[in-house]
Each structure stands twice: as structure tokens, then as C-alpha cells.
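Below you'll find a set of structures to go through.
Two complexes follow with chain A in common, the first pairing it with chain B and the second with chain C.
Entry: the complex of A and B
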């Protein structure tokens, strides 16, 4: 049930993105106060809760986006060996982006 | 409408470089179907025209063609319904052309065979040498009977935009039949079929365009079957699917009804 499990993860990350990105949007853009001032941003960067939320947002967003990209690419008749190459390429791209993007909030923590 | 202008696709492999349209003008008679028109052209105008047909009543699924850019059964399409006197007929897209309007459905049948379109019984001995009948409630029958009306005409496959881009995609007909057999309580082959369709070119490549259900002449609604199949596979993967009880057998009465006496022959 490989493809089904990948799809279930796609659904779970979609629901997760709704909440994590929603929280980010509400706090950073819609709430009253000054969420974009240096004090507010550095305060959130020093918070373990916010760090966790942003890392989860990153993981969920990366998986959801890369799996969506894979679905679009698969619409063109790829033989099975090419699908395996594509899968590994997306895993490598995902890990590279995660490593780079996670480095910034982790180093700021 | 006094006359109909038909543009019919012609193509002979090895002779023509690519398909082209040939125009015919034929008299209109009330109640004519597209198939009647093609038969008229073949009998009265050009007997080299090739098309496939058999039952002429929407049962065999042989006469699937593309009529004014929509896949239809020619025998099931009255000309009046098209509301135009200019009709373009081509062979079904997403299938190779054998000649003129005859498409090769080999790919459809190969994909259909790959999903094991038959009842897989847990009791092989009972399946091969039945001693009783399977009991099936009305509800159990209704859960799959709509999907059992498929005549394998290939219209859904011709309409599917995903089959058009990915020839390896199983397509609406085989996927719909996977659900049809897996829902049947007599069948115990769901795991085998789920494994078959859980591939990069399997069930999850369907984007629910719904063109298959719109094209189906028998009201099978393959798009619904595929959505229900996806749900069943998610439940099965998450181990949330209800365990299916083996189907019960109803033994036939030992004493048969008294035989009706055969009347004597009137001519001796």
C-alpha cells in the first residue's frame, strides 16, 4: 500500500498546514499589536514552541509540496525505474531544502 | 432537417500518413441514430468505410465513436439529440486506430484482465464444485450492481484526460471494476486487487475530472467507484476496514419440486 500511505500523509500534512500556516498568518499578519517588530520576531525566534511550530510547518509544507509536484510529474507516462529515480531525487531535494531552511531558525534559537 | 452532412474519419494504416475527414451528405429520416447513418453511408455511398457494430441496442458496446468531439455509442445516439445537421465522427481517442472508425481496444482488455475481474473465492473447492448457492441480501447486491452494468465499450477510457497523458494509467474502466468486485460479498480478492492498483499509475492518479461518468452510456459512474475505491484503500491501509464475514451458503432443498408432466406430442 505504498502509494496509499503516501497519499494518507498528503492528507495529514494538508490538514496540518491549514492549522500551522493559519496560526502563522493570524499571529504574524492579522493579530493586533506589532508582530513584525524586531522584539516580536526575536521573541518568537527564542521560543521553543514557535521553533517547533515553524519546523513542523516546514516539514509539512515540504512533504505536501513535493508530493504534489510528484503527482503532476507522474501524469506523463514514466516507466517504473524513472519513478524510482524521481522519488529519490525528490527525497534528496526535500532533505537539502529542509537542512537549509531549518538551519536559520535553529541557529537563531 | 432534410439532409445531414457527415464528416467521417478515414484512415488506412500503411496507406494514409494520418487520419483525415471525408464528407458525405445523406438524407435524414426521423428516428435515425448515428449508427443508422454510418450503415447508410456504407450500404449506399461508400462501401469501403469501416466501423464496428453488433447489437444496435446499446448492449454490446461495440460501436463506440467520437461524435462531435464527445465519446458515444453510435447506436445509442439519435441524430435529433445532437441538434445539428453537421456531424463529425472520429474513432475513439486514447486508442490506436485499426482502420477508419475502428479503434483497437486491446489495451482496455489487457488492463481489465490485470485487475482479476472475477469472483475470487476463499473456498476454492466450493468455487470449482459448488454444493450450494451464495446468499446475498438486496443491500449487498445494490452496493455493487450499478458498477456491474459496464459493457467494456471504452468510452470512459476515451473521455479520461489522465489516460490521454499517461498511457500507463489503468483508467476508469478497470478501476471501477476493482471496486465492483471488492464490494461483492462473495469475493475475497480485495487485497490482491488493492496491491495491483496501488502503483504510481494506479488509482491515485485519478483527479476526478468526471469525464468518464459523463461519457458512460450505461450509467455506471466510474468516477464514483474510483472515489469509493480510494476510501476503501485508505481504510484498509489504516486498518480501519471492517472485517468481512465469509459469505453464507444456502443449500438447495434435497427434495425438488414435482416435475411438470410433458404433454404428449400432438403429431405422432
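Entry: the complex of A and C
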């Protein structure tokens, strides 16, 4: 994919994360209740809305984070074959993390 | 304009400064230090997300496993880390918004005739930077108060 498109996806996922991660942080870390108790977590896990939010947060977060990491790494001037290896490694890592992390809320739904 | 060259075909020049260049290569502007902080907060958030996803795995072990993990993580050090994550997120999100606006050219302002003393585009954008920093400081204080109370 062209670098411009990758960068535009970085912007789009960043804007999405502002809302998704912002909602997650406010509900799970700033709310006055007990958001981390088993009852609260199970309650959210049974909701299709929360499941959708978690999956979107995961997809957007993984792309944004791994592309950001790639941008930093590529500043250190690697030969072309190393860039291709890095790209594929990040894709594989991203898919593996997505599989593991998505299984948790899906299995609880 | 769209970049026609894929990353793998770009000529690569040596990065002589390396990580040191994030902090110092002569006199940097405020925005350049924000760029460094953007990277540091991004890497910090990425590390936190990795640990968070790992901790989420305790959910698979059932209520007892989850509760013991949460009990282990609920301590003063955990609260400090949680606060730093919230503050880093606030900075990274707002600075990222500023970068998007700048990269897409929305903060350039109208063209002006070049009359001395010249005002470069970076100084024209400076107001936005200060407003953003004020909002971040206000948010960081608000989150701190919420955490303490």
C-alpha cells in the first residue's frame, strides 16, 4: 500500500481512537462506580454494543499503534529487504494479537 | 499530492543522529519537542496496551482468576500508572489532532504579503499549540483531582 494511504489510515484510526478509547477510559478508569468488578465486566461483556466498541477499539488501536511503531523504526534507515521483513512481521504480530485479544470478549459474549 | 513511491523503493539515507536527534540537534522549536513527547507517549501507550491485553487474559480463567488479578493490580503504584496513562492519552490525542490539522493544511491561515517583519507559518500556528497545551494541562489537573478524590 502507498505510504500516503497508510498515513491517512493512521489519521482515521487516530480520530476513531479518540472516541473509542476515550469512552473506554472514562467508563473503566474515571467512573465513580466499580467498573472492574466481575459483575460489571460480565455485564459489559453481555452487551453487543460494548463488544462492538471493544472490537473497533482493538482494530483501530492495533493499526494505529503498529503503524506508529513502524514509522519510528523506519527512521533508522534499513535496507529495502529489512523494511519488507518488518512490514510482514508487524502484520503477523497484529493478526496474532487481534486473534488473542478478540477471543476474550467474543468468548464472554 | 499522493506519494507514488512505495516505502520499499525509497532510497534510504543514513540516520546519523538516531534517537539523540529526538531531543537535540541544535535549537529545536516547541513543536519539535511536542513531536518527541508525542512519540514517547505513543510508545508508552503501546506498552500499556500490550500489558492491558495480557491482563485481560485472566478473564478467561473465570471470576476467581479475574478478581485476584484486579486485586493484585489495585495498589498505589497501579493508580499512578493509570493516571499517567490517562494523561498520556489526553496529550497524544490532542497533539495528534493538532498534527492532523497541520498536515492537512487547515492551520496555515490566509496568504499575506511578505512585509517585514515576516511571520512564518510556524509562528502563525503557535496560538493553536498554546491553546492545545492549556487544554491538556486543564485535563491533566481534572483527571488528577478525579483520581485523588
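Note that the second predicted complex is superposed on the first by the 107 of 109 C-alpha atoms of A that agree within 3 Å, B and C clash if a C-alpha of one lies under 4 Å from a C-alpha of the other, contacts with A are read in each partner's own complex, and residues count from 1 in each chain.
Please note the rule applied: a contact is a pair of C-beta atoms (placed from the backbone, for glycine too) under 8 Å apart; a residue touches a chain by one contact, two chains touch by 3 or more.
Note that the coordinates shown come from a computational prediction; the quantities given were computed from them, not determined experimentally.
> Tell me which of chain B and chain C touches more residues of chain A.
On the superposition, C touches more of the residues of chain A.
> Quick one: is A:14 in contact with chain B, with chain C, with both, or with neither? Answer first, second, both or neither.
Touch status of A:14: second partner only.
> Is A:22 touching the first partner chain B, the second partner chain C, both, or neither of them?
second
> Return the residues of chain A at which the contacts from chain B and from chain C coincide.
1-4, 74-80, 83
> Sort out for me which residues of chain A touch chain C in the complex.
Within the complex, chain A contacts chain C at residues 1-4, 11, 14-15, 17-18, 21-22, 25, 29-30, 36-38, 41, 61, 65, 68-69, 72, 74-80, 83-84, 87, 97, 100-101, 104, 107-108.
> Where on chain A is chain B touching in the complex?
That would be residues 1-8, 71, 74-80, 83 of chain A.
> State the interface residues of chain B toward chain A in the complex, per the touch definition above.
It comes out as residues 162, 165-168, 194-195, 198-205, 230, 233-234, 236-238.
> Across the complex, what residues on chain C touch chain A?
Listed in rising order, the residues of chain C that touch chain A are 2-9, 12-15, 18, 39, 42-43, 45-46, 49, 53, 56-57, 59-60, 63, 66-67, 70, 74, 82, 85-86, 89, 93, 96-97, 100, 103, 143, 146.
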